[in-house]
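Below you will find the structure I want to go over with you.
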């Protein structure tokens, strides 16, 4: 449990807790929206570059392809896995079921970034190519969610949606930075490493401060989050994360990368998917899916999920 | 007077002067408001962390408690001290007297931050716990100011005001970062020190550039700032700062921390208090209190106050 | 051509390309406007400081004056040079001719900054005082452009315009930071160098990402950019840049500074001039001049101009 | 053609710190919704203001709400005490809406 | 005195991701221009929203367009299907303009 | 019920760099106050614009001012020369206000 302490007492997680406490105390502390957007662009560029430089150094092995395939399957399949629970136990109608399910199939960039930072502080290093898996898992879930909601073709926004899915800003930035990292390699990275490497953890602290504020306010403001749905928002990351770690171990990823696949499967989107759902399933309740993914699942993963999936991956990795 | 030169020719102060000159020349140079807000969040987090890490290293002595008590008394008492001058010499009505007085009891984070930076460049190091004193002094003055304005209970916004006073954003961020700094200590601070320590002076430069622009524009735009009120805005920091240095020396603070207590007493709020006054004393003239605190007192402290209170503290510290 | 590869494969240029590709793919990736403004303030302060510190170190030689004079002449003359081509070959009316011509006489800060970064990575160091030349060249072109458009005195906005020209935000910030750099020198720069020096290339990457997005969107959105005008937007930098390099070599600048003068002459403004034109020649088509300067000339200079003018300067510098 | 129904459009120019209070009053007056619109700067009897300030103390919003005639009157009545003290500006004009039962 | 002509002012409160769609519909209805106005936050039947969100998914704009009576009616007709599903609010009121031939 | 008085609401869509000029003209026309409202983007005869630009050159505001009938007419008259050259859009509509002596 020393690991749990290390996670909980790291600066980024403490700033997240500070934000949550401040919001709970109804403090007027807030990070302007554009600043938060700027920080998130920075985090995505930095994590992409880091991954690409790492791959340029270590080379691309066969695991990359199997990890990408695993990510694709997980992202597309998880919505179908969680949908029955949302509908039956959670009591959601078909539209809301589809919208919420899409969030759980997709991923949270910041959860991944926080995990990779917290892990690497203790020498538990996620493979660079996992950034590509992260990008891969962002969007397939959107299509699954729409299928669940049974919104069929010929629709008003389908062309826009496809563009959203394929050229979504965060996917483009993640993959683009990843590619740039691969091209410039370690030498080319040197002049930009003071910003993108040395500054990284500090920026993450400020960003998580804001996430703490937003997550807690989301919970306090939402009317439609029932206890049952909140319970699901805790259960889903445990189940999905376990599946992710198992999948990672099964396809032969190294231990940290298996933990990372668990983190990705466990995490829920709160950037790409909400925007897509607002466009394609406007009748779904935005307050609800944001409260679940941002208000419950995100904090759970930051505080419990990160150490949990590492422990699980280490357990499985130690098996003969 | 070598010290004065050092202060005046340091990069942060020069950027402040640049901003003031640009505004005086009616240049269209401006720092977007959200950027300035982002920078100020950064500065507060950084100064809080630095203080906390310092306390974690040096331990908490008995001076902390007496310094906190001194800060509390100064913040609550200064408004009553300056009120008669504002009313009689300045000719303000009761409402404006209360509003302006509250500003002078409270503190300016950036003045403190600039002093601590300028001092430390010449090895004159303020104790870490003074950050807690800074946070402590932010809000008691608001209550004193309202008392002076005789706005009694049962009022429309009293509950909101109390929350504003207790969980004001900058207080929460300062104390929260301070606590995080204490928890993580020097080791935990290392990964975030490139952002929060190495970047600090540079960010302060950009922030002070904006403060110079705002302060000068405030003066140029205000109609209600009479010569008498401007004179008070120079007199108050001298008197209050001297009281602060004396108090610090009396309670046995080390020389730099006594100077810092002087800075705090001398400085006037332009973030927390204006927002509170807008809510609680909306009839007061916002143009006036901002012109006095931001337009006159702030520049005076940056340019004259910082070296002055150091000289005074050194003089008193050298006494037997 | 190894140099071309170095330029093209440097991180800042790759981020520019990423932005352009993302916009071409109609991705929703975007950098909030205020963040971009903040980054550009940072870049101007940093380049100004760097130049000033450099001059403080190396001293001011006679080249400074001749370089300033050359810059002044180039900025004022280039609009008259390009105007006939715009009117006859481009088919523009007098107002649009004046407006577009003003852009080409003025300069692009980011083009200069990118060049100086890319050059210095390979030990090709532009003299510090060229920052002053950059600031000098920002605004004379505006007056030339207005002369071409024949908008005579007594006009509605002439006083505002003069202030805009003299105390334009970017000129003030560039020259102000330059002066601060000269005052503080290398020692005073040390505490702020982590922000302004180490962070520089990284920030430039993020800024160029945004420029890529904006430039490409500008092109895609504009209706009035004909093929002929696009051709001129490529021809102008080649001709003007060549004149700049020749002038630099003729007045005895060192090779990198001659290349830099070429860059300045070749580049077209997209910050100071458009704002001035909107005020003084509102009938001119903003979509057109922004498409030419930002959409065509800027990318051309970043990708082709930077290595081209270096090669040219080296060629001329090697002459006996 | 779609049928439209007459409702009242109420706009209040309000200091940012006071906006939540207006929302409370609107709710208490039976008004179900509102929208806050961003402003940039302005000029009045007290001189100019703009958002450029750190404290946010001088920022203003336009509080826009659509209501039926009775709720609108109740609301204007209820904010009356704030008018002078907080320097509010209140505008009222008729507007046609679709789905009138919402307002 | 300058002559002014009666036109229609149409305002639609719309989710940010949907705004480009409205612009398309306006164009198809023969309306030549529009302006998007920034909002900050609001409250409706679904509770509160504000811009503070990373995704931008809950941001809203006011889509303002001035049109002659026929185009305005065509436009309101055309966005009817979106009204309930996307929670749009549509306001229509008369306004006087200069240079009426533009609208 | 609170008494409300008829005044004129003038809105001008204006390029950001020109906004201070409008404020001067308003003052000269005897109008005591105004408020600038932020816009995000738009489309007109010249195609689309949006704020995404570094220079701020293509940003626009809505200049809103409430005035009595005479001042309003003087103001509209005074900005007439700018209408075509600067592509201004001017809207005028009646509005009811409280404390009419202010306007």
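In order of appearance the chains are A, B, C, D, E and F, and numbering begins at 1 in each one.
FYI, contacts are C-beta pairs under 8 Å (C-beta built on N, C-alpha and C of every residue); 3 or more make two chains touch, one makes a residue touch a chain.
Keep in mind that this is a model prediction, so the values were computed, not measured.
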Least hop count linking chain B to chain D through chains in contact: 1
A-E or B-C - the one linked by more C-beta pairs in contact: B-C
Same or different residue numbers at the chain A/chain C copy interface, by half rule: different
Magnitude of the superposing rotation for chain E and chain F (Cα, nearest 5°): 120
Intercentroid distance (Cα basis), chain E paired with chain B, Å: 46
Between chain A and chain D, centroid-to-centroid distance (C-alpha), Å: 39
Between chain D and chain E, centroid-to-centroid distance (C-alpha), Å: 19
Chain C and chain F, separation of their C-alpha mean positions in angstrom: 35
Sequence positions of chain C contacting 2 or more other chains: 30, 33-35, 37-38, 194, 198-199
For chain D, residues contacting two or more additional chains: 37-38, 93
Touch relationships between chains, expressed as pairs: A-B, A-C, A-E, B-C, B-D, C-F, D-E, D-F, E-F
Chain A residues within the chain E interface of the complex: 30, 33, 36-37, 40, 156-157, 160, 214, 217, 221-223, 270-272, 274-275, 277-279, 282-283, 285-287, 290
Complex contact set, residues of chain F against chain E: 13, 37-45, 60, 62, 73, 76-77, 80, 83-84, 89-93
In the complex, chain F residues that touch chain C: 15, 17-18, 20-21, 46-49, 51-58, 85-87
Contact set on chain A toward chain C in their complex: 34-35, 37-38, 41-42, 45, 163-164, 166-170, 172-173, 176-177, 179-180, 183-184, 188-189, 191-196, 198-199
Partner chain C, residues of chain B touching it in the complex: 9-11, 14-15, 18, 21-22, 25-35, 38, 117, 121, 194, 198-199, 201-203, 205-206, 209
